[in-house]
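To keep things simple, chains are lettered A, B, C and D as they appear, and every chain counts its residues starting from 1.
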Amino acid sequence: MSEGAPRPGQDHYVAQVRTNIGVADGHRLLTLICPEVAQTAVPGQFLQIRVSVSGQDPLLRRPICVAAAREDEVDIVVRVAGRGTDLLARETPGAFVDLLGPLGRGFTRPGRHEPVALVGGGVGVAPLHFLLTSLADPSRVRVLLGARTRALLPRQPGLSGLEGLRIATDDGSEGHHGTAADLLAGVLETDPPHRVYACGPQPMLAAVARLCIQRRIVCEVSLEERMACGIGVCMGCAVPMAGGGYTRACREGPVYDARAVKWE
Amino acid sequence: MSEGAPRPGQDHYVAQVRTNIGVADGHRLLTLICPEVAQTAVPGQFLQIRVSVSGQDPLLRRPICVAAAREDEVDIVVRVAGRGTDLLARETPGAFVDLLGPLGRGFTRPGRHEPVALVGGGVGVAPLHFLLTSLADPSRVRVLLGARTRALLPRQPGLSGLEGLRIATDDGSEGHHGTAADLLAGVLETDPPHRVYACGPQPMLAAVARLCIQRRIVCEVSLEERMACGIGVCMGCAVPMAGGGYTRACREGPVYDARAVKWE
Amino acid sequence: MTPDLSVRLGPLTLRNPVMVASGCCGFGQELAEWMPLSALGAIVVKGTTLRPRRGNPPPRVWETPAGMLNAIGLQNDGVQDLIEHKLPWLREQDVPIIVNIAGETVGEFAELARVLDRAPGVAALELNVSCPNVRAGGMQFGVCTTGVAEVTSAAREATRLPIITKLSPNVTDIVEMARAAVDAGADALSLINTLLGMAIDPETRRPRLANITGGLSGPAVRPVAVRMVWQVARAVRVPIIGLGGISRAEHALEFIIAGASAVCIGTGLFADPRCPIAVVDGLRDYMERHGIERLGDLRGALEAAV
Amino acid sequence: MTPDLSVRLGPLTLRNPVMVASGCCGFGQELAEWMPLSALGAIVVKGTTLRPRRGNPPPRVWETPAGMLNAIGLQNDGVQDLIEHKLPWLREQDVPIIVNIAGETVGEFAELARVLDRAPGVAALELNVSCPNVRAGGMQFGVCTTGVAEVTSAAREATRLPIITKLSPNVTDIVEMARAAVDAGADALSLINTLLGMAIDPETRRPRLANITGGLSGPAVRPVAVRMVWQVARAVRVPIIGLGGISRAEHALEFIIAGASAVCIGTGLFADPRCPIAVVDGLRDYMERHGIERLGDLRGALEAAV
């Protein structure tokens, strides 16, 4: 990639909403028609989506991961966290969504038959789902999902039937009574994968990172830092690095090697 | 009316859009389901309509006249003048519109058989149309309408068939080549009415007022001053008075006796 | 637990912290068509001057992104009219009445304070040393410490009523202004008044306001207002009334957590004249949810090491 | 008629008046992925310091109504890195490069100016006397006339490059600051930097920014910025770069009519990294529609009697 040249597929698009379905309480899966992004996005990359009509309020775009890509369309899963995601979650089929993308650094692709574990918390399952669908051999994959409660587990199409799927809920309403990190701890005991990919709330990521670093298992985490620009120009999305200083979640991230990050 | 008590029907409503049709280039007629306003509004009164989703931007409501009232519904005619009216003009049937009203002082009702002339410029025809439909004897009414050009003449249902209707356009594309005030001048020569009601752009109103004051014909004008609150609390909508000082268009107006206003 | 929303504002006790701001609620009558004034902590009436003022020519208002500019120019019928025609009705409404006064000279502030000292039903005076829209007096006082101090002490000496000095945000050091007011005898402070702004119509090349410049208010200015309340609350001991862009309980909470004892709603009334009720309800909900018994316990409760 | 959009900025001539603002376009490389930098009047790179700075801990940004707060804390790799690793690429982009510099002391400003004086490809220096997010130096200089004057003349003496002093809006009298900068030798002025603001999360009672306060930018502040440009343009003779909330040609026109020679786009890039192109196109359309041959003819063309 030469300096100053756009990355593959990266552009400003206006994508039409094809469908909008509920996948959990307060979680919507939107399918957007955007062939260029569908063909170039790498799992772990995100889009910067405009959520306002006029662009003045809310002023900033919202970063949302690509959750799946098929021919001419991409899926996103939106958890209603505030005003911006609320507006986005209400977009109806036929509406147009203004986006920049694909942005950021995605996950490193595992070797063809490498055993991997994907650890997702809540809406963090979105990029992992995309990663899963892009794998050559999904049979070697364990998917460990956590949520506060059953109703908050995103039911993304293609996940439910999966053989290697394990669920954890904080309140025990489905699967293991505990966290996805607990599930990972168990897996690491019995049948450790070569690589772990994680996305979810900060405490879960920290726990997963700790486990993997202890056992020297390669682990990549996708971090959610607040962003202003999403394209690397504002320095707003600082991620503290183990080696000191900060890098940009939107550019050097959002996916990091767990060892590179400074965990609190 | 006792001090501090709401005026008849005046309240905060959420009205559903029943229909939205084009009535001229950049002019939409919206029918809103709002029985309370339909039953209490007086011609010349207006509504303060929220045009933003979140209410933060655009921050302020937009004043729009009631253009007709029938049982459970009211019509408004919206001319797209900027961002707020653009948002409003796009509301689709089934959508909900947040409004305060009816607000302001309306037109004085003429005597039962009193001959009157209604002089409207552009979207100013809206409140006059409402006045017309409320008259006991529309046969004694002359309606003089002006617009810049044919395509900008609002075709409000109920107006087109009218016997006493005369049209003027600045470019002569329909009716008299000139202004609605020209038409009034002619009418005042040949068959002067007892009362004149006018609504439209400031220069037209000034011309109409001058004609009527000269001939001592009672004339009421509806003025469009910029408003912030629309309910009389901010003093934003100052109208200069002939006797000195200012009154509030939203409260003492928007309808004024032409003699009370200080014309530039 | 029934949360206690009452707050102390120097010598005054308000049933709740939600007040309506000067210039945004007239003298109460029109607002009372939309909500009972008795639901408010207090009402601060339109800036009142010694003699009637016509105000500025129109256009007087212009909307800006998440805000608005105004240049009303203190249109009002003068203090005598207030006393004779407006206070009698307001006194019946079961709401503390705070009169916002604006003099063109220090002497006028003193005279206004003296006249209102004898007027029954006035709970406190708010000194508008900071209106950007009048030439004589107005902002000039509010942007230097001597001006703030002189006006405050002149009013202080002229009345036994509680004195609230309302500060201008158009200053380099708001803390300095606050200290000057407190040292001169202010019982409380209001902040902020409007930021001086301007907008232009490119098509006509004319300013959007006949007065050219005007005061910026609304959600746009809230971050500036919260910051100033926080700075001042850490520097002075008198209660602070926070305002600037409030229309929901969360906004009021920002100010209270930053250190305000009470809040005012101004521009927020224009979009929703009933929002003060929603703010009070929202504060009550929040207190219940967080197990806060007295609102005062939340004041200045910012969790941050400085 | 082909409208002439070129403008003079003291000794510089820009092909058009639309620049990108310091801190909002990095050092150009990422922005170049979205638009050719050669379409810009100039680029003002991120605030550069003598030594590398890590910047503030996150969260560093928070959205506010029609605006945002930032407290980046001048994260940058220092002036040597700029010269060695960033300028070489930028020099190839056919765009005038303005380097925004920030010292912690007057001496550091002078040192930065001296070092950059010898760096090829730098068109001008912008003195960031007004960043609210660093403790030493930063805003302290920008809010008093002596600070502005000292920094400006120290830089003036250290370089032959054109000097642009960027003023802080967090002052009582912006005209006084502008005069101080001009008297000390500034070739041009940029205004405004960000307004100091703050936001709080009521649920956690924590400030939204780790730094507690931050700089407010975006459409929300535009009315304040336009007002300050207007005030300063009537008081000084050097060219003014106007900024604050610009993302469309109409916004840029407000500043130009108020008296700015050029404009910068900052926060507007975050919502749309290509908006500078739309602003240039919109200015050209406007000039054609209004029969304006040279953009300079529009500067300060406000129709208003004062």
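The working rule: contacts are C-beta pairs under 8 Å (C-beta built on N, C-alpha and C of every residue); 3 or more make two chains touch, one makes a residue touch a chain.
These figures come from a predicted structure and were not determined experimentally.
Peer 1: What chains touch chain B and also chain C?
Peer 2: A chain counts here if it touches both chain B and chain C, which gives A, D.
Peer 1: From the C-alpha centres, identify the chain that is farthest from chain D.
Peer 2: It is B whose centre lies farthest from that of chain D.
Peer 1: Counting C-beta pairs in contact, which comes out ahead: B-D or A-D?
Peer 2: Counting C-beta pairs in contact for A-D and B-D gives the edge to A-D.
Peer 1: Averaging over Cα atoms per chain, report the distance between chain A and chain D in Å.
Peer 2: Here chain A and chain D have centroids separated by 35 Å.
Peer 1: Could you give the separation in Å between the centres of chain A and chain B, each centre being the mean of its C-alpha atoms?
Peer 2: Each chain reduced to its C-alpha mean, chain A and chain B end up 53 Å apart.
Peer 1: Once you find the CA centre of chain A and the CA centre of chain C, what distance in Å lies between them?
Peer 2: Each chain reduced to its C-alpha mean, chain A and chain C end up 46 Å apart.
Peer 1: Find every residue in chain D that makes contact with two or more other chains and list them.
Peer 2: 65-67, 218-219, in rising order.
Peer 1: What are the residue numbers in chain A that touch two or more other chains?
Peer 2: Within chain A, the residues that touch at least two other chains are 56-57.
Peer 1: Chain touch graph shape: choose line, ring, star, complete or other and state it.
Peer 2: Graph shape, chains as nodes and touching pairs as edges: complete.
Peer 1: So in the complex, which bits of chain D are touching chain A?
Peer 2: 23-26, 28-34, 37, 46, 54-63, 65-68, 70, 72, 75, 89, 93, 218-219, 247, 267, 269-274
Peer 1: How about chain D: which of its residues touch chain C in the complex?
Peer 2: Contacts found on chain D: 64-67, 69, 143-144, 170-173, 195-200, 202, 204-207, 212-213, 216, 218-224, 226-227, 230, 245, 250, 253-254, 257-258, 286, 301-304, 306.
Peer 1: In their complex, what parts of chain D are in touch with chain B?
Peer 2: Going by the criterion above, the answer is residues 65-66.
Peer 1: Would you pull the chain A residues touching chain D in the complex into a rising list?
Peer 2: Where chain A meets chain D, its residues are 3-7, 10, 12, 50, 55-61, 100, 225-240, 244-246, 251.
Peer 1: Over in the complex, which chain A residues touch chain C? Could you list them?
Peer 2: Contacts found on chain A: 56-57.
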